[in-house]
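Next, two complexes with chain A in common: one pairs it with chain B, the other with chain C.
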Partner chain A sequence: MSDFNREARLLTTPFHSRVAAMCDLNDWGNWMGYTTPNAYFDVELEYFSVRSTTGVFDLSPMNKYRVTGPDAERYLNRLITRDVTKIGVNRVGYAIWCDDNGQVIDDGTIFRLGEEDYRICSYQRADDWLAWNTLGFDVSIENESDAVAGLAVQGPTSCTVLTLLGCTDLNQLKPFGIAHYTFEGRPLMVSRTGFTGDLGYEVWVPPESAEALWDQLFELGRDYLIKPIGSHALELARIEAGFLQAKVDFMPAEEIVRVGRSRSPFELGLSWLVDFSKPLFNGRAALLKEQANGSRYRFAMLDVEGNKPAEHSFILKGDKQVGTVTSAAWCPTAKANIAYAQIEMPHGAVGDELVAEIYYQRELHWTRLLAPCKVIDAPIFKSPKRWQTPAPPH
Partner chain B sequence: MNQYDAIVIGAGHNGLTNGAYLAKAGLKVAVLERNPYIGGATVSRELHKGWYYSNCSYVSSLLRPEITRDLELPRHGLQVVPFGGGATFMRNGDYFGNYSDHDRHYREIARHSKRDANAYDRYSADTSLQTKLIRPYLLRTPPDPTSLKPRDLRDLLEFARSFMALGEEKLLDTIKFWTASVGDYLNEYFETDVIKAHMAGSGIIGTALGVYSPGTAYVLLHHYMGDVDGNVGAWGFARGGMGAIANSLSKALQSFGGEIICDANVDEIMVRGGRVTGVALKDGTEYRAPIVVSNLDPKRTFLDITNPSDLPKDVLKKARNFKIRGSSGKLNIALDGLPVFNGLDPRSRLMAGDLHFSDSLERQERAYDDWKAGTWSKDPYLDMMIPSLTDPTMAPPGKHMMSVFVQYAPPKIEGREWTDEDKDGFEKSVIDQISNYSPNFRDLILHCETRTPREIEAEVGLTEGNIFMGELTFDQLLFNRPFPGYAQYRGPIKGMYLCSSGTHPGGGVMAAPGANAAREILADLKRPNTVPGGYADD
Partner chain C sequence: MTDYDAVIIGAGHNGLVCASYLAKAGKKVLVVDGRSEPGGCASTREFTPGFRVSDCAQWLSQFDQSIIKDLDLKGAGLTTGKAKATISLQADGNHLILEGDSITGAGVDSADQAAYRDFKNMVRRFAKLMTTLYRSRPPKLVEQNWTDRLTLIKLGIGLKLLGREYLRDLMRIVMINIYDVMNEHFSNAALKSAIALDAVTGTNMGPRSPNTVFSYLHRATGEHLGQSGTTQVMGGMGALGRSLAAAAERQGVTVQLGSAVSAIVKTEDRVTGVSLTSGETISATLVISSADPTTTFRDLLGYDQMEAGMAKRVEHYRSRSGTAKLHLALSALPTFNGLSASQLSERLVITPSMDGMETALNPMKYRELSELHTFDISIASVEDPSLAPSGQHVLTAIVHYVPYAPDIGWDAGKPKLLNHLLSQLEAYAPGIGALVTASELVVPSELEASHGMTGGNWHHGELSIDQALMMRPFPGSTQYATAVEGLYLCGAGAHPGGGLQGLPGRNAAKEILRRGVLS
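Moving on to the complex of A and B:
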């Protein structure tokens, strides 16, 4: 017997005991250094819980930063590309932040918890970047990633289930709104946000509440067909709903080694998040220049013929390679074959007809397929429930 | 005013699909429906307040994904949600469960027989080979083997090539498969009664044949060749019930300018000078069109709503001889809670799938014996689902909707019509069987709709209550469906077409017959085709 000092490589989230108990497939992944399930019991069925009932995703490994102080608003307005002053108290805004070259570092959500009190929720760690940006601002930044546990509770019956949990009048909460409740004597915050494109909420609690929250959710949600979902199912839902994923659809600018591999907001189809009418923000000059001179790439959503997902495909215009696919999936609700691609300008405008060079393997045999595809102007999955207030019961 | 380019008789899923593709091509289309509601056998109705019954077809897999995508049915409200699980409960208190995860499924079969668990992979490969042969032909018109037209010759050659490419051994296996009984087929792989019985169910559903009748192996294939999102063999529910399929098709049809006219009971297809001119309703209303498409089964089409003097004798004879035997009934039950079954944790995911109680081929064959004797099965084969475990819109929270497909039920009882007493006896045989395995089931029943072939024929219009609009045996498949010489969707009268499940590729909410027929009609009109081709299936 060896007697070495064994140290777990991966951390676990505050929900881990409950997650592990439900993870029939024992199919684990590493998300930001945390042990998280790729799938619990069946990726398809997990995905469909988000589309038909309620799916619960443990998003505790997301990075959370509290930004407070008299200059909090000014600070954030300098940091991100959209106008923070337009995000009211108890509202959430989707945002991106760029480096000085106008290249996207990450995307995330900005929660305005008070006049001078914000929380940034980001996929990437941002301690260093946030700290450097405080120069000259009366603001304090606190990494509260470990202090806030979170569950995404998404799907048509999610509002009903959370209402049973004690979230009174939750159906009145508008998209991107925040509501505060108490759960077993501790604060519980609900935001009508998510990564699935359907009716859904994110629930935020102190880690001490995590296990009880999970238990009660699944107890109360049983009649509403609540299910846990892993990262594979969420990936399907987010591609169908049109959400970008850092490190998949773009590389965080600060991690780039090779010149030219980063992307600007314009090149990711996120120009709607760039507001030149507000005061100075990181990357403003570079983005103005790009706006005047044109971008190198265009983000395109492709509707691909046939049913073979165009994963990692080259995109061709005639014989010429003009782009690559970053995300692709057969979308089970929209029943369409969707791919996100980075296309060299001037190609990839809405309506442009391109070809995806798809390789797929069956019984060790590889086949090359040239599938025509068309650039579409909006995500293929559009749920009216996402925007309805009051939220529908199912 | 009542003048159209094309009239489709029957607003079931194939009639709506056919109408949608004709309207998409720019034709002025009316789909006539005799009931006050659309859907035919693809329907969901609130027959008990708060409960929605898909009271005919109850699951979806065969609906062609090419059509769903092309007609943008998701945008028109269709959402097909797959279910997992399924089990056959055994008389000894045990059960056999069906798991989607391969390794978990292996363990479950191995719990009954390690050899069977290993043989399952060989069975899967052999059955998949057969699905691969047939799937490319679903969205195509079957070639006519007697024709010398270039298209028929080309398609026949391709058909032959795909068979010859199998090599001698697999070709012989294939010929055997297409004519074998499902019982014999399964006996070549498995030794355990319950495993064979669980799988054999797919070979008899909707068919007036027993597990040992030749031809039932193909029926098994018919239930395996569909897919949900590319998972061949998977099945799902339409969210909100099967009626959601008809409703989304109707919206697609209307988006192209097509009309649906309910309460329009067609009396006769009008013919003048060897051409159809429209239809006359029982109330005397006439709708005129140079094209009339019948979505009724071949018997009703040729023996009920067409004047015999307009038809060649051979068609009348073939229609008379067309096999469309009623074999099944249905119970739709509103439940006050979830029934508990012996030996299975009610929280098990297996509960969300198809549940059965026939644990041996012997019992299934005996159930068929009763049908042959002219009565319902005393120990029936049930294909039972609880869709409210997957779809929260079918019943109030915590309550459940149960769909019980029942086999066998003959079209007539010992040669006479069904009576209400017979119906009660039929219902009792089903409820008794379920109660034998579920102690709390009987107390949970709030409402039960029972449909024998009599009700299905009267309300839906399926002759003898046959769910496939004609037996799915080789003599009635491909270029033999509905009968030789008329398998390319054209009727014997100019302007008359067929688009029902009585045509290739048959029943099961595929929408392929409706789409295939539309393609032929548009070709005859020399209009651009609006019907999509099938996805390559490799």
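Moving on to the complex of A and C:
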């Protein structure tokens, strides 16, 4: 088999032995070069573990960069569009970063671990862009993606399970807070963050601790109906909760080949992450111009009639095509048919009534459905537990 | 209230030209420069008692005559010498003389003479077209407005008027190298390398480097800018600087010398002035820099004061040079084989063959001293005796193929290189070594330090198509404005860049006035 290209072989995460053992369906996908389960046993049941008990998702393939040095804060403040000085020590902030044209490169979370010590957790590899950004700053960037393994532990019973694991007083941790513990003699960090829109945590350990962490979590969580979840279930949860996904809802600006295919924060409904009171950040000049002259597109969250997900649909206004859907799902808890769409301006304002052109197939029979839909102003799924401190008992 | 409408960094020729045009339009302008004399690269220095040399640029061949007229530089004391022939020295004393469209000597035959006339004719047409672009701000290809469209229309008409043959030739040769073009046109080796010299001097290139046709055409624009050939400035190049400063002051510009800018001051999201090494801060509506782009953005503004994509562009901007200056004080007029005493006032060049020039590039690239060099020699004291004590002379030579930082270091490398250069001269001017009473070799890193040019590149950035026209110095900072609010460029690092032209300064002033950012 001399033709085999070892470079192309998918990697495995530090949890792989345990993940593989529980992946009953043996249904695997390629997530950023890693072997990851699409589903373990049943997508809907996995999804409901996140909403009703606890779901565990292996997010080790996320890219992690450590940013340290006297200029770390200034460096990040120029990199991202929001004000990083407002993120305190042991706090996390959701952020996006743009190129000089004001086009979104990626989104991610910024963990402030110390005064001059941050971790960027990003969807995309960002070594090159982060390195270029160091010009003129006394800062060092370390790619610690392989040195940190991570699990998302999400759902109403997640706090209880992690407390049993030894995360004392975890219920006191506020949303976007960070707490530090020790697990089997090694550091374990918990952040109250996630991609599901409910009470949930992300647990970060050295790879050496990974298997033991998994084993103990599932052992201690058995009575709290802990389940592993794959990427399909997470996809449902994140659409329901209103989170964007890079490479699905927008193309990272640095990967764009065709002119006009990237998007600005305004076009992704992320203007709340852009802080013009900062005198300098990447994309500021271009975004100011866009603010003055208007955007090309608008991000719209659509409530679509019926129960057929509007996947890859065209969005019409009358007879005119005004947009396309990037993500869509029937959301089981909200009991709503939700779609995210890119709509050409000036259409797509909240309340705008549009039509989704949906195609679906049953036994090789295709049906075209023109489903009325309405632009809504916020995700339909809202869990008060997400924001409550102390974390509510279940 | 700000102290000035505009503060201009650098009293080089472009800075002073820009200042004069702005002041002429009624703006309050300050020019600051760390050097004690105005002119920047148009400078004269007494390098040893009694001997004064043009210690950076030594020839005036591209200066826009309309500027000389607009600013009445002649009235401000500028005098230029006669148009010079170029004499390419040959080992056997049968030298090649290039004068206007005619060439003689060095065994050139009538076929080469005819080919030279055709070549000059072609170059003249191309350079004329470039001059159209050079005299206006570079048009943007996207986001056009009527000013840009008009420039492009003029360019389009110019291209059309070239006719099919010339247009095809232009498209064909502009991206290739001077080596191939010379071999296409000529058979005489001395002729080929004499022309190739003009394509590489002041750059980091050899004759086979891409972009050398462009750098040659850039030089050839001089003829259309109203300059009748290569001349020397009487009193040395510094006299051009002084006349520009006098003209500027006459327009009401304040020229403050001996005041180096330590930083460009940014307040919130825009540039608001400069701070000086003295600690003083000067506020202005605009800061206009005639320093090279790397100095302006990296050193004076700082990478942390701009968006990262721009910092990356600055970091990628190429600004290296393989060109040094040799200065000699001579106790008497030297004798060159085959040259009369009066011919010593002409422009004398020494070049190896084109292959020799290309070979000389290699050690330079790899930080070693080359065996071969090109010389572009001026014995300025022949036409202008004021530069040296009576009966004695100064010789300056632009020497190409000198590495920026040789691995052996300049402490060890300089005496070695100086001796080697003198022995190369000795072959053409026997006995010249014995006449040398003082000598000085100014290497690219010293030109960088003395004249504030990154890499010692006197074009303020390599003259190549990717860094020219609407891309000079780099996308996002063109048409004299930069991506940083309140900061403009008016030096050779801006369009049309390179050499003693004055056009970047003039075009920048016109663009700033057109935009009305100072009203």
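Please note the rule applied: the second predicted complex is superposed on the first by the 386 of 394 C-alpha atoms of A that agree within 3 Å, B and C clash if a C-alpha of one lies under 4 Å from a C-alpha of the other, contacts with A are read in each partner's own complex, and residues count from 1 in each chain.
The rule is short, and it goes like this: a residue touches a chain if its C-beta (ideal position, glycine included) is under 8 Å from a C-beta of that chain, and two chains touch if they have at least 3 such contacts.
Owing to the predicted nature of the structure, the values given are computational and were not obtained by experimental measurement.
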item: Joint occupancy of chain A by chain B and chain C, clash or fit; value: fit
item: Which partner, chain B or chain C, touches more chain A residues; value: B
item: Included angle at chain A between vectors to chain C and chain B, based on C-alpha centres and rounded to the nearest 10 degrees; value: 160
item: Chain B versus chain C as contact partner of A:Gly306, first or second or both or neither; value: first
item: Partner chain in contact with A:Leu79 - chain B first, chain C second, else both or neither; value: second
item: A:Glu44 touches, of chain B and chain C: first, second, both or neither?; value: first
item: Partner chain(s) touched by A:Leu25 [first = chain B, second = chain C, both, neither]; value: first
item: Chain B versus chain C as contact partner of A:Thr157, first or second or both or neither; value: first
item: Smallest separation in angstrom, by C-alpha atoms, between chain B and chain C in the superposition; value: 45
item: Intersection of chain A interface sets (partners chain B, chain C); value: none
item: Interfacial residue positions of chain B with respect to chain A in the complex; value: 65, 68-69, 73-75, 79, 81-84, 100-101, 104, 228-231, 234, 239, 349, 389-393, 397-398, 535-536, 538
item: Footprint of chain A on chain C - complex, ascending; value: 266, 268-269, 298, 302-312, 315, 476, 483, 485
item: Interface residues, chain A side, partner chain B - complex; value: 24-25, 41-42, 44-45, 48, 51-53, 156-157, 160, 223-225, 306-307, 330, 332-336, 362, 367, 381-382, 394
item: Residues on chain A engaged by chain C in the complex (per definition of touch); value: 71, 74, 78-79, 99-101, 129, 132-133, 135-137, 279-285
